[in-house]
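For reference, the structures are reproduced in the following blocks.
Next come two complexes, and both contain chain A; in the first it sits with chain B, in the second with chain C.
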Partner chain A sequence: MDYQFHWRPVIQALPDLLKASLVTLQVSLIAMALGLMIGLVLYFFRASQLRVLRGFGSTWVEIARNTPSLFQIFVFYWGLGEFGIFLSSYTAVVAALTFNCAGYMAETYRGGFNAVNAGQDKAARTLGMTRFQSMRYVVLPQVLRAIYGPMTNQFTWVILASSLGMLAGLRELSGETQYFNSRTFRTFEFFAATAVIYYLIAKMALLLMALLGRPLFKAERAKS
Partner chain B sequence: MKNTTVLGAFGALALLGATLATPAAADKLDDVLGSGKLRCAVVLDFPPMGYRDANNEPAGMDVDICKDLASRMGVDAEVVGVTWAERIPSLISGRTDVAIASSSDSLERAQTVGFSIPYMVFQFQSLLPADSEITEWDQLKDANVGVAVGTTYESELTDYSAANWPDGKGKITTFQAENDTYLAVSQGRVEAGIATDTAIANILQSDSFSNLKAGPVAPFGADIVGFMTQRNEFGWINYLNLYINHAYRDGTLGDLYETHIGGEMPDLTTVGVYY
Partner chain C sequence: MTDVFTTLQWSDLIFLLEGAWKTVQISVVSILLGTLLGMVFGWLMSLNNKLITFAVMAVLDVFRSVPLLIQLILFDSFVAIAGFPLPAFWSGTIVLIIYTASLVAVVVHSGIDSVPAGLRAAARCLGMSYWQEMRHVTTPVGLRTAFPSWLGVALATIKDSALVSAIGYVELLRASQILNTRTQESVKIMLLVGLIYFIISYPLSRLGARYEQRQKS
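Up next is the complex of A and B:
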């Protein structure tokens, strides 16, 4: 390979790349937060006695988990556009990632709830807790502990998947990289720099999740 | 006596071997001639310059130029379909010898790759929904205009609207691909799109975009494009330049233009300056 690397264009573009990284982070955080909440609702829907709710939850989970994220982003951006509903790139990408994330989290919650012995709820209720109290103080904290690992994975995955947003015109980190690439043709330099930025963002996310999770695992640390 | 003869023979052999083992530095032109194959990077989703025909074979003006160049060199043409972003990696990694891919010869890009002299000139034009009331270029200043990201017309349009439409209420929406721009105009997501005149003429012929029409031509400069190869391949660039010169003067480029786009081949020179 006969090529001279020049990093100056990358350094000059760095402020713009970092600004775009914030978009990446923002989109991922919002999608993850919404996905966590909707995912829990979907789990309860699927565990419900009502057939309509079960059907709704299962359909969502099936589609979200068994179609490519790229396809889901296209549906929200171009698909809805075909019906005259124009979501901005930002909204469409957040919506698509949330849709996807909620589907995956619903399944993760299911695993988490299965991991908590049914006797726990029964015991709490026998002690006079209401159904809500038992869920809030006894079951959910244990579920959260069980799903914390997969949830962290999911967050990393959302950050990386947000790069698909550039295909719906979102100028997040990848979109911005592509822009500078076609301006300067410094393809290798820009994509290398972006890979490093993605790596750092993902590592930061892991660190953040580890810190947030500390109170959850207090009991376990005390034991060991 | 006998020993020296044997030694001399060995010496001569060694010298011959050394000559064979270290050939004079072969450049890209030598490589192409030696391999008997010219590998061209062509963007195949940019009709009528590059696309795939009904049989899924590469076709278009850029493809035909590659074939013509190869036949004049007496080698086989191999068209390598690339995306806009893959043009440079394909050259640098040695997968292709030249990019004939409608690439604008900006000074910024020329710091990375080597450009030939121009082989084609495009105009920038607006693309409108068929029922649009826009007839003058200046009416676009309050419109939401779509354009493919990283193209020359994106930067030209951005600079132009900043300089000439400071009070404009419009905005520029960027898309990843030309096709996305057409789709956005067709859906009504944007009120107008900007693309090259040839691409617009081409899509207006297709059935899928019957709800579109060509709008006013942009007042900013023409889009001048060249072949690209590695920056240090001077011998190869010289050859490519001479090829373009020949292909223009013997009418080959004009014929290809007539076939693929229709009408008169644009002038490739810039008045008042040497290239």
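Up next is the complex of A and C:
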């Protein structure tokens, strides 16, 4: 192996890479937050009496779950051009990841709502709570506990999947790495450094979610 | 004015289907070998040795915490540096095999963990050897929890095979991009490609849903 490793260009580019990591975080957070909200709406659509809503919800979920996320990004970035819709890399990547997250979260919510015994809602309503109160104080807190684990996984997944933005010209962490790579041709060194940064971001996200989740599981900790 | 772009032809459908066949090839090889490797890792983690469990877990966790795209580019550039360049199919598939194995290991580990310790001890008490007990007790019982999750991993691998296009292998997604550039008829092509991916992965995803329902009732 007569390859000379050169790490200096990587070290020089480090501030820019870290700045680009903020774009990665931003894209992931927005997609996750929107995905959580739209996913809940999709869940209610799929549980609704109206056939149109059920069909819409199921179509979204099945497409999101059965096609590659890179394909979804390409559809938002290139596919909408024929309809005269031109999205920037940033918007296209956020939209595609949101589309994907919403589909997966809708399924996760379904599991969460199924985990809460239907009798509890009835009991709360019998005690005089309105439909909304029962949802807010009895059902949702338990659903949230049930979905917290899968939600954490989904968040890590979005952070890693946002790296696909590179292939749609987005200058997030991977895109920025590719930019420096094309100027220096130090492919291995640059992507090795980026791999380390992703690893650290993923671990930080897990830690953050564990801390945020602490109040949720307070009651359970007290029990044990 | 002569047009630089040519319209979509029937032969292009064959080009796409060839890409789809390569997607299937990458997926099948990755799922098969990834599952075998993942089973070994999962079994290693379930041995009562904290050091082995921790070591295997920590190493596999790296593959789950770094984007697959970055792993693909890294490995592809590494084999070039090291002087034994591989065809894109193999450098892509090797990365996908290891990635799949890291996911399968977790599934297998929790599957083995789901088998009650008392049941396993009882089998041993009846005179079964370790491997007999593994084969006739732990595997069938653990498979009940592991199988749906394994289907999920297999589905993910099929979809993740699209990333191999990033290191230059012409599978389904890459084939569609080539046609896109030539014909500029992105909507038709994307609908078609989406449909092909859907056809490949939907049966597996239905199977998972059916299995889930059957377990509930």
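One rule holds for everything that comes next: the second predicted complex is superposed on the first by the 224 of 224 C-alpha atoms of A that agree within 3 Å, B and C clash if a C-alpha of one lies under 4 Å from a C-alpha of the other, contacts with A are read in each partner's own complex, and residues count from 1 in each chain.
The definition used in the following text is that a residue touches a chain if its C-beta (ideal position, glycine included) is under 8 Å from a C-beta of that chain, and two chains touch if they have at least 3 such contacts.
These numbers were taken from a predicted model, which means no experiment stands behind them.
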So, after the overlay on chain A, do chain B and chain C clash or fit? They clash
Query: When the two structures are overlaid on chain A, which partner does A:167 contact: first (chain B), second (chain C), both, or neither?
result: both
Which superposed partner A:156 touches (first chain B, second chain C, both, neither) = second
Go through the superposed model and pick first if A:29 touches only chain B, second if only chain C, both, or neither. neither
_For A:70, using the defined touch cut-off, is the partner it touches chain B, chain C, both, or neither? Pick first, second, both or neither._
second
Per residue count on chain A, the busier partner among chain B and chain C is C
Check your understanding: Where does A:184 make contact in the superposed view: on chain B (first), on chain C (second), on both, or on neither?
Key -> first
Requested in this report: With the two complexes superposed on chain A, say which partner A:82 touches: chain B (first), chain C (second), both, or neither.
Outcome: both
Message = With both complexes superposed on chain A, which partner does A:175 reach: first (chain B), second (chain C), both or neither?
response = first
Re chain C stretches 20-28, 56-64 or 74-82: the one overlapping chain B is 74-82
Chain B and chain C footprints on chain A meet at residues 1-3, 78, 81-82, 166-167, 187-188
The chain C residues in contact with chain A across the complex are 62, 65-71, 73-74, 77-78, 81-83, 155, 159-163, 165-166, 173, 177, 180, 185-187, 190, 193-194, 197-198, 201-202, 205
In their shared complex, chain B is touched by residues of chain A numbered 1-3, 6, 78, 81-82, 84, 86, 166-167, 169, 171, 175, 178-179, 181-188
Given the complex, residues on chain B that touch chain A span 84-85, 87-89, 92-94, 106, 108-109, 111-113, 149-151, 155, 173-176, 180, 183-184, 187-189, 230, 232
Per the touch rule, the chain A residues reaching chain C in their complex are 1-3, 62-63, 65-71, 74-75, 78-79, 81-83, 156, 160-161, 163-164, 166-167, 174, 187-188, 191-192, 194-195, 198-199, 202-203
